[in-house]
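Following this message is one structure expressed as structure tokens.
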């Protein structure tokens, strides 16, 4: 199990790094899917099977399909990947990477590295989550629906192409 | 743990009900006038319902939403701003086919909903959801002019990326706070042990808030986005979004003493914000950009009051918010009134040349608003700035006061510069045709009266509305002890 | 009823009336295109009568503070709408009216564009000035202090001369920016008082009794001082003045030079010397050195100007250096000299600006080299110009000299070398004044393309009154000195506190 | 008490002046002259009445009146108060009588000038101011008159303002006297602060005598006042303004720049002689300055060609005599010379005016010539004046007054330092030489103008209205001296007796060591002194005859261009010196700084702020320099050397956010 | 049953967060930026889930759900913007080019979309 945890964590990280270094968008999307799947394993190992399932179904499934869909619509090709290569010269990424590393270092510095305090946590099943979702957090579900509504309206609003005759 | 309760702030209820009605109405038949009317009625209803809340939280329990005078006050400011913004955009939305009115009205409603949710939230989840509802709605609003002005889309793109980044940072911070305290209560994370994570959590949440508040150096997006957006939307960003996030800031940090690790950070940010905002405004030729920069500077002034707990603080923050809202709304309303359908808004300062002779009413009211923003009598801004300085003096923030004075002098220059331009000789070509716009006239008049009355009789506004300080000195001792231990 | 609030508000209300009278609809009803002008003239006359009543009204108590008015304004912060009048404020208000009447009579009738707004702003400025002279609540004082600048800014910016906008912004930035420092000081004082007594108040008389450490009181005083120094103006911060005076429309130049600058001197007396006597005495050497520097620097630059208004403006700096010097000598004589100098400078320089403005109206230039001798064409104007130029060079027997003499006398007590240096300013005063006289009045006339009209007798009579005032001030200043003596805050604290208006 | 007459005395010309100014346009030339002369004449009558009253009074009290209190505060008390004692009586008589004659003359002389009302307005104002000056019993009040006469002098010198040279001369006069006035003001302040806030003359003098004032204060005040007096009286080093002042109308020159105003310095010192005698060094300085001035001015007069300028220099020279007398301590002699000088110099100027009017405003003496035949009456008057000026013995007033000075200087000694004194003999010698030179230059003038052939056309006649004053003044110049004669001839001492009360007051009060050099009468002086004093002018006359009387054609220069000429040029040389060292540098520096330096600095700072704000813009627009290759363009404000790379704003903004986050975290963690 | 402790999870989350951040900073293509943002959001989600596990509190997972909702709507809106920009004929999805909002650096007609470099200041 320890090994599985280590492996999935490693895959998650490697996947993420691959995502940000790919030149072709579809490759990146695929790597992202890999990352998300590995993350789902991590979630499961953390005792959150519900979250893991949602990660796979919604994130790696639905959201990523959106990406693929858009990439198809954009009809990206060879020139784009060449351009990406052009853009990914060391002098272009060195500074941002340094900045990110610095932040990462600061974060790691703050984290407690002593072997953990508590015993391994118990499982939190879908039932627990559902109870609290539709218990104390029922209003939040409503709010989330408004979030999705505004996302919907916005996407629709922006996505329209032409002036509509009135 | 969160106690289950049925408490729901009633403005929120009104707004969500209004959104539903509007959706239904759109689904039935699209009509700009009706959508706008529904929006207006919803806002008025929300206003009327403020303070009359459904249910109540049992005393001494932690809730998702909180009801106090501070939340009510900010809710009122937000809804009033939204009403003004709706009136400002009425003409364009109702008459200009390039502006899809229904979606705009809908997004205005959801945006306000998000803002109000933030104001009332006492928990990370509603705060975060409110923030994102507001952000996503803004995204749509910013891009709403894109068909005529391509800047809109670009501005939306910038906002999307940057606000996504800041949301992620904020979320990460909130996650760390949750990890350390085990509670999603929206307040400074305080727990025994692991001081590093607490610090990191606080700082990351703070940075997220600073981004939305556009404090320097996290301000760079604001002028771009405000310029790319239609004028009323720019007002929405400058008003609604800022009030909401500011009220959250106060709720999160309280108005007491800062944690020790922020005691050099906050003044630094304030200094940068005041100087950066003002200096950047100095160079602007675009009116909306100038207002964006000036709103940055005003955030800096406000933060001084946040840093200065004392007898005056609460009332001063209250009145400063009112002053900033009324004056800035006034300026935006006048900009809207200046333009006309099919004519670009008067967003270039040079367009305003000679306004004193061509449209004296607008010129005089605009001067009043600008002077109020600059902190000069008789506008309400005078007393507000006076109060800010008073709080600063009370806490002896010498450096901050020096910066404030410097910034105010620079600010004077660019505000006056506009008045100067308006006193110049008019060139007939530049004067856009006048159109009948009673709603704007009424709005401008009302705001003018508010600004003057507030300036002359500010006593009524001076009410202590702030929540009790969240961070009191004993806590700090705990923090310090835990850190060293 | 105390007439004080009416005194403050009347010009403002009158200004609104003047503005409304300029609306197209009103103009047809009134059948008079000069309605705003007439209304403002009327308002000023009524104001003068009101002031007369206030002057003659028996004092409400035995102290030197003759009148009092107070209503709470912002009780949460201890702010009240409190007005008090003593001899100093009364005489400065008189000066305001004595100058604004000729200014309106002679110079604002020509304003044709937006005359209503012009008069509204003009009268609002007067309201601000009078309010400044009367307010004894520090917040109210600051309120009026800021308030009087705004209309003046618009007046300069909209109705001024060629380079008006830059001048207006400069004027506003300097005066307003320094005002912020004063605000800091006011608040510092209030907070210090609050810390000491747990009473939050902005009342001048109560705050005057605040116990302060020496360093704090010096700090607070310097905040006030900077604001007043900019207004007065004192040399390193005088730079707004020449531009503003030169570019302002005539009536505003008169008001600026004649009265607005006096608020600085008034503030120094009331809020520096009287509020922080010890700090002021410690600061005195610096202030006096600045005064001497102002006298010499202003006079020096005045000698080099060809623009009449600029010349007069720099001469103002020189004259007001005497005021600063006098106030900080720390003696009663110096203070009285400064007050006399303020009154006299207001009259003489105000009149000179009126004359310069009239010249500009007629000849459309302010360049001495292009004006030439006017005596032959306009003997009345030139005679008046000569008179006021002579007054400004410090001719004994006229008001300016009386002030300068008293100031020099008081200075000599403190530091003879300083007095000698300041007296040198009189030589320079002769140079610039006579340069002006021989540049525009007593000089060979230039070939003028069109005939110019002299002052009509009526206007001359108005100027004659100003001349008479100057003469009286120079020959018999004793009544003015008695009349305009500033009252220390302690007096009312002892006798007049709590006296409510009947 | 007849004190009430004193303000009346002043009021009369003052009222005339006000009327003349107010109704300048409506008053005819004749009316203006009449009004002016009448008012001054009225004053003259009053002053005669006053003279009668004063001299016939039984006690020694002067007439006094205090009009009002100018100011009284804790430490200051100044009054508008007047006092008439013999000293001021002499002065008011001179001012009103000579003034009346000159006004009479001017009424005709200026009749054709369009600005006559202004002219008489100034003239009467001058008389009023001068009367204030001489009558004042408070130095503050005196100072009002003192400056007032200066102003009138300025207005009258520049009366013909169409010519820039005239106004320049007027300004010069005012500036230079203003320097002196400022010094005097300082002196007054010094006295006032040390003497308890009062400038009442009696108070000051009693403070001096009682030793209330320390000697340093007395010396300082005396020095300051001396500077004021020297400037007013055009003594070295202030002499340059007076010759230029001749640009004014001739009656002005006669009244202001010869008879009255320039003697105000003498009057001041005579008034305060007790103060000065208490400051021996200042006295020495005064005497030496007077001597130098009288020599220098006489030499300069010798080489002038302009008639009025010759007279101007002679005025300076004669004033030098008065200062010598004052420095010696014999202020009575100075006053006596002042009176006679007023007569003959007014006469000379008025005759000169008459001459100049006849020869079409030609002032160069070498262009005149042969005037005796055309205008014998005028010539006679001029001759009378010239003899009085030269001091031809026995028959002229000038002889007696000058003699009184000379004989007193001889025995005097002048303190230089403790134990070191300057002998009076030296100054006496110089003064004698001066007397010789005086006769030389004035008879040079006479011999060039009157005999021989006319050089220019002569027209018209001298009107009677102008002739009457000439006659009166001629009489006074010749006979005026008989009121005071040396004991060696006839012991007549009317003048000194009249002044006796004032003198008594002083000599009683002054400590013995301070008066060591004072000698009122020439009793102890040897007889030959008188002889020498008589011979010197005669010798001058003789030499003048030798040089100019016989020689034809006219010589245009003094023979022998050597030492004497260069010495003579000194007068005008100072002028050039001042021009180079003071006037031009002042003008240049003023021109250089005509734009406010401080203004420039502050505006520059403002501009820098704008630049700074540009920097903030650059931060916004700038790049990490790593983002991408782009076109590097210099900004238009090239000085900032900031470059703008075509870069991605979004990532740039994001980078700022992250950088801010890093910094904030770092600061929090390090706290 | 978990084998991952909270601090392990936080470690992973921090690394993931930094990686996403680097992606946002480095990449110019909007698509990649959006993906990087998603990575960052996931890192945050990981923190919440892990913390929820640590405290045995379902709130963490509730929060995860909300983040999911946010990610969905943000991605949708973002992709709509990408399409919008693409439809307007932007040559690429470069977030950097074609800045129509250069603020004060604007020059020329804002509609031309062709800013000229070098004009810092107008008037």
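Here the chain labels run A, B, C, D and E in written order, and each chain numbers its own residues starting at 1.
As a convention for this text, a residue touches a chain if its C-beta (ideal position, glycine included) is under 8 Å from a C-beta of that chain, and two chains touch if they have at least 3 such contacts.
Protein names from UniProt, one per chain: A = NADH-quinone oxidoreductase subunit J; B = NADH-quinone oxidoreductase subunit N; C = NADH-quinone oxidoreductase subunit M; D = NADH-quinone oxidoreductase subunit L; E = NADH-quinone oxidoreductase subunit K.
In this text, all values refer to a predicted model and were calculated from it rather than measured experimentally.
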| item | value |
| --- | --- |
| Intersection of contact partners for subunit A and subunit E | B, D |
| Top chain pair, ranked by how many C-beta pairs fall in contact | A-E |
| Whole-Å gap separating subunit B and subunit E, where each centre is the average of the chain's CA atoms | 23 |
| Length of the line joining the C-alpha centres of subunit B and subunit C, rounded to whole Å | 42 |
| Whole-Å gap between the CA centroids of subunit C and subunit D | 37 |
| Gap in Å, rounded to a whole number, between the CA centres of subunit E and subunit C | 61 |
| Where subunit A touches two or more other chains at once, by residue number | 87, 92-93, 96, 99-100, 103, 106-107, 109-112, 137, 140, 144, 147, 150-151, 154, 156, 158 |
| In subunit B, residues with contacts to at least two other chains | 2, 125, 129, 132, 136, 139-140, 143, 146, 153, 156-158, 161, 165, 169, 196-197, 199-200, 224, 283 |
| Per-residue overlap in subunit D, given as positions that touch at least 2 other chains | 614, 617, 620, 627-628, 649-651, 654-655, 658-659, 661, 665, 669 |
| Listing of all chain pairs that touch each other, if any do | A-B, A-D, A-E, B-C, B-D, B-E, C-D, D-E |
| Subunit D contact footprint on subunit A (complex, rising order) | 87, 91-96, 99-100, 102-103, 106-107, 109-110 |
| Subunit C contact footprint on subunit D (complex, rising order) | 21, 24-25, 68-76, 80, 140, 143-144, 146-148, 151, 154, 158, 161-164, 167-168, 170-171, 174-175, 178-179, 181-182, 185-186, 189-190, 192-193, 197, 586, 590-591, 593-594, 596, 598-599, 602-603 |
| Subunit D residues within the subunit E interface of the complex | 614, 617, 620-621, 627-628, 631, 633-637, 644, 646-651, 654-655, 658 |
| Interfacial residue positions of subunit B with respect to subunit A in the complex | 2-5, 8, 16, 19, 23, 64-65, 97-98, 100, 103, 106-107, 110-111, 113-114, 117, 125-126, 129-130, 132-133, 136-137, 139-140, 143-144, 146-147, 153, 156, 193-194, 196-197, 199-200 |
| Complex interface listing, subunit A residues touching subunit B | 106-107, 109-112, 135-137, 139-140, 142-144, 146-147, 149-151, 153-154, 156-158, 160, 162-166 |
